[in-house]
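We call the chains A, B, C, D, E and F, going by the order they appear; numbering starts again at 1 in every chain.
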């Protein structure tokens, strides 16, 4: 389960304000203040669930008095027609939270579902699928959580918690060796040093520079295999990451090269929202039906 | 061009903080403070550009001293390989802004590109393609701008600037007629009243209740045609909106029913990011090359 | 009842901070921490009550443990000497909330009271009295609520939820007809289009341009009558709004011209605060009295 | 001139957001982006000007490129028809700032004008007219500035920068003497101690307790005179403040009792906005006119 | 006890965010979500306790469900090994709050402990030890509270709640007399006027200008004695404050000069944190132990 | 140089507001608006400078028009009497920024100076002195910068960018081996895994569990030597960190055990502010002097 706390709450509040603004004019005009309903979140297609605690937080932020009862939990496989959660309370509050909660839940479940497809594509192979920094502005913490829920792993959270030496760094430092050395000297010792490489020559440089992790960026399958062989022959502790242009078609072949990690930007930048709807029944009628 | 102002700046700042956090450890360790470069934003595929002023704002927020020169403008058709913009300044600043600027530009261009495809699918027909409230949490103002850039139109910005009577409202008010009446009485007079209908019976009710706009939600093509005929026979000023399950396959047929508007959630909830990269060259070397 | 939520809470918190700053030096020095009292809000004159839930929110924001018991509710006619509410809790908290709660309650009740006077001045006539955007910086949502409480109606909440074409727009568009057309094309379809007119010629233009609402701004009674006649003869659905220089002396005559709406800036920009005071009794003594 | 800084800017920004929200739909639809105008702020009645630097700040916050030229300055007596300021720039920006700037300027000038009337009512007498904490939520710093501009003086800014012992404090402390003693012991030594008194007995207590300032609250003229005589006979350094129910009718008589200060809640809670309008001319036409 | 409210909460939240950022990676990986523990705050040295309610607030802000039981209270003398508080709840929450709570508690107790040493150094003498504005950025309200807890007194909270005329003011005003006069005219009457003096000549000027408080800044003991004699001979109500270069070695001698107040920057700018640690025991084991 | 950006600006703004609040009453009363001065920051003792760009930022935030000219730069050894910087501008702005700028500069220079003393104590030995998370609430980014300026290194920035397995984690995971394994599986691969050990047995466990870094916490010199020998005999890449109770007396001996890193809480929690003052001269007089 994700950390639902003050930090994420403030993002959710901004989303609510964006939608509600100066107030829901329709509902204020029509629905009496004390009108109460039961809402159900229903899956309109099959998917992997992610983000339910955040959806719950949206309802709580609108009104802590809303009763939210989860029927499913994050990581569950959801079938079309499944009831994901029930929420009971003032109808006005339910309608105020509806769109914001659904937008987030649909997006995060979309990411988890896509992640799971990538993970399943490498079934049986010992490789970790990771996300990238190609996330949606303002939603990184949510999206990285969805990737984990889908069975993926998180790459660094940002520029601050991982060293990744790219070509610009290499150029500025005049070579991979010197770039790695500068990082060893200046970067907190708790961070590993990863070097992005684009060809076998750079792989060798990174290896001899003592990189903790070597990224094979946009290489051919053949080069990747060669790189893995070179690295493994020298040092078994060095992690190897494949990156660049990964899709559902090529991921299994890439995994087959023996890399430890494959980072996939598409997990977050190209996932499509799944379809979930909220249905509301006035509370009295609902009770009647049930008692019938 | 979009309004690039304080309100959007604060969203962009949050995105920057999310990525930069306590600092870019790699760059701080390797790139000297006064190292300067030229960056170019390059299209890796063809698409419709949207969000360039916001990308520029990201660079400005990192350091107002960065020189941003746009080669293209929002709404332009971009070809693979096109240089979209050049930015000159401190290398540290360029790298700090890179991911946040690209993430946003890629997403917004993705939305504009998808919107354009929907718009093109109805070419020659007099229908407006609109977005919905199914936007990404915190980014609605950006995404609605991207839809406009793609040739689409904006539906209401939120619950506050448009009256849309849905089934829950109808049920609470005991009928469409009463729901419309309540809105006419209580809602600011500058807002039109739209009623969501799911069948011909409801269309007739909405029409006789004097709805300004009638939404045909998830109806068959046949029912939509019938609904349009009924409405047009009574009142030429009533707007008709089709909604629900719209995709690139069915939109032209739906447009053919004679509706005025088609609202498409997919524009924002299922657009995929386009591929744009930022390439950096140290400024000295770049100058040498140019002068060669 | 108004929506008392996070958005309004943050405005109330700012008001509290403005008053309390680094702390109530007098009370901290004199009143023991655990000293408890009962406070009563007492009307010092007759008025129409508005804003009590916000006053309650102020006390809750100071300390959620304060018990607030409302004797009256918004919209009630209050007589001099009436007890509006009782609040029990730590004396320090009561004194911290006092001024901020009263300042707001007095202002909002002043607006509601003045609004009611305008509304009563048009008794028997079918006209709506509306507010304008001439509200106090930062308090619009509160003040528009007070206008509704007084029996008035809300005009648009801001520049974002209503189209109002003024002379500058007309001039820039080169005529009313073109200005209306531009709005029909570019503005979300859920918003009506209102045109401000200053004479009969402009009224005719607005009418033929198909304006949904025509504002008669600062016209003579005679011209207003003429304008109403012209508009009604063409289209019964067009709303007519009178505006400019409305006061308690002339409003009934203006209403008599047959307009649908009269917008009155004075409701918010010139309402005077009503007089309410808070009286505090140490809890022990209060209990003794009651038990006597 | 007031301090126009970050703190006040953030209040002004909130006011702008309240009005502009998701954007000015009318202006965006009609006025081209690069359309430029000159706006003039024109007095529609006579008043004392206050708040012009804040109005300027509103325009600057919308767009720092707007050129604001003040024709008048705060404290100036303004006649009907006077041009207060000219602003040149993008028409869109001028319209975005208009209402927020005017609302504030009208309110602050209203306060300054009313303050001046109170001050003039005591002309020739050596008494200071001060404000109270009865200000508008969120606008205290602006309103206290307007009082100063009108020739009034500021009472304490909040609960934090002045000791004022009221009846509740006296009751909790078991007497005025002990209340003053507690403050002398516990309150920062840079703050004077004021005691609110309601009758001659309390005045004597406050005097013997060594109060720096004695407030005569809601006393009759006769009692006030007596109180002044008693206090002056003992200590010439003690300040005497009259308070409660002060209006333009009774203030001169009250001042005549010899008090040093009169605090008037009405200055801020019952001032009415003055009438100022903004007129806009497209820049080309304006130039033509001038060159004609 | 300090005011633990929204204002201080937001400072504590910022401190928590600074430490927790995108999450505690170690704990998330190892400690199960529902793992519960008891934590104890234990003194590793002797000191005077200050800040416990703020430490409690940190735990509450992480999770309101944590049970915090204080064994000691602010102002208590703590011995090495004393248990200050026990907190029971989710282990993840305890670890998230630990460092932020300790950092603050250690610093505030350090200030209170140092303050107490200064206060004790003047035991038997009638002098107040006060803090200055030399506090840590963002923590003034906390640190001034710690000074009070240690038996010290607070000087003004900031530039806003006390008049202190320094040499720059004197120079700009062309003399102490004129500077005092300007303050009497323009500053709220509830604030006393203090004048900083550096020699006997300035002391005489301040005295004749009617300063309420005279600060003797960086004077020799001899001059201070002389200044006190001069002032006392004229006016018994004038407060005398010693300031500048005060330390534990010279404070008793300075107090012996007869000054009323001694302000000591070191209380806040040079206090060292005391040593407190948090020990955690898994709840099951803890219970077993207790039941054994 | 540190990153002086939006994030740190907002901390500095809060500090300014804390001090200035509703305004500098003394200066507003005495110093004319347009009075200009030159201020110089002067060292009152010898120290190592850190934080000058942040002090400059404080002046810039008060008024961007202030001219700040640095005579020294961070990392410079400062002698008593040295002029660190000159600032020219409005006297009101200089006085508004003074205390906030000095408080920060004095604290950061104090940290840098103390850090340098620790670093110098291990001169000639190949060991890095690092900070800890024992920083001042809200100022971590500044204080960690000061440590770097003093020649120290930064440990992890927070809980988010480094894995540190402590006894509570070990206990919850049932052993060091399992705790390390859980981290390898669940923590982003770019982070190293550090294990805190308190005795030789735990050192062996951490080593065999494959920890990247082993912390020797509060061990005797003898045990540390033994631990280093054991670790070095197995794996040359494992980092060794000493921690707990480090001071200027024992650090050289500890460094002599052969550890790679020594983390010292005292760098930030027990540094004392250095003494810097700001002297102001009215601009005219200053010029005269210079021209003399």
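Everything below uses one rule, namely that a residue touches a chain if its C-beta (ideal position, glycine included) is under 8 Å from a C-beta of that chain, and two chains touch if they have at least 3 such contacts.
Values in this document were obtained by computation on a predicted structure and should not be read as measured data.
J.: With centres defined as the mean of C-alpha atoms, identify the chain lying farthest from chain D.
T.: Between chain D and the rest, the longest centre separation is with A.
J.: Just the number, please: Cα centre separation of chain A and chain E in whole Å.
T.: Between these chains, centre-to-centre, one finds 44 Å.
J.: Go ahead and note the Å separation of the Cα centroids belonging to chain C and chain D.
T.: 22
J.: Need the CA-centroid distance for the pair chain B / chain C, whole Å please.
T.: Measuring from centre to centre gives 34 Å for this pair.
J.: Give me the residues of chain B that touch two or more other chains.
T.: Residues 21-23, 141, 157-158, 160-164, 188, 191 of chain B each touch two or more of the other chains.
J.: What pattern do the touching chains form: line, ring, star, complete or other?
T.: Topology of the interface graph: complete, with all chain pairs in contact.
J.: Considering the complex alone, what residue numbers of chain A touch chain E?
T.: Listed in rising order, the residues of chain A that touch chain E are 1, 3, 5-7, 141, 157-158, 160-161.
J.: Can you list the residues on chain C that touch chain B in the complex?
T.: Residue list for chain C touching chain B: 128, 130, 153-157, 160-164, 188-192, 194, 212-213, 237, 239, 241, 260-261.
J.: Which stretch or stretches of chain E touch chain A in the complex?
T.: Answer in residue numbers: 13, 16-17, 21-23, 33, 61-62.
J.: Show me the residue ranges of chain C that touch chain D in the complex, using the header's touch definition.
T.: Those residues of chain C that touch chain D are 11-12, 14-15, 18-32, 35, 37, 91, 95-96, 99-100, 102-104, 106-107, 133-141, 157-166, 168-169, 171-173, 179, 182-183, 185-188, 191, 269-270, 272-273, 280, 282.
J.: Touching residues of chain C toward chain F in the complex: what are they?
T.: 21-22
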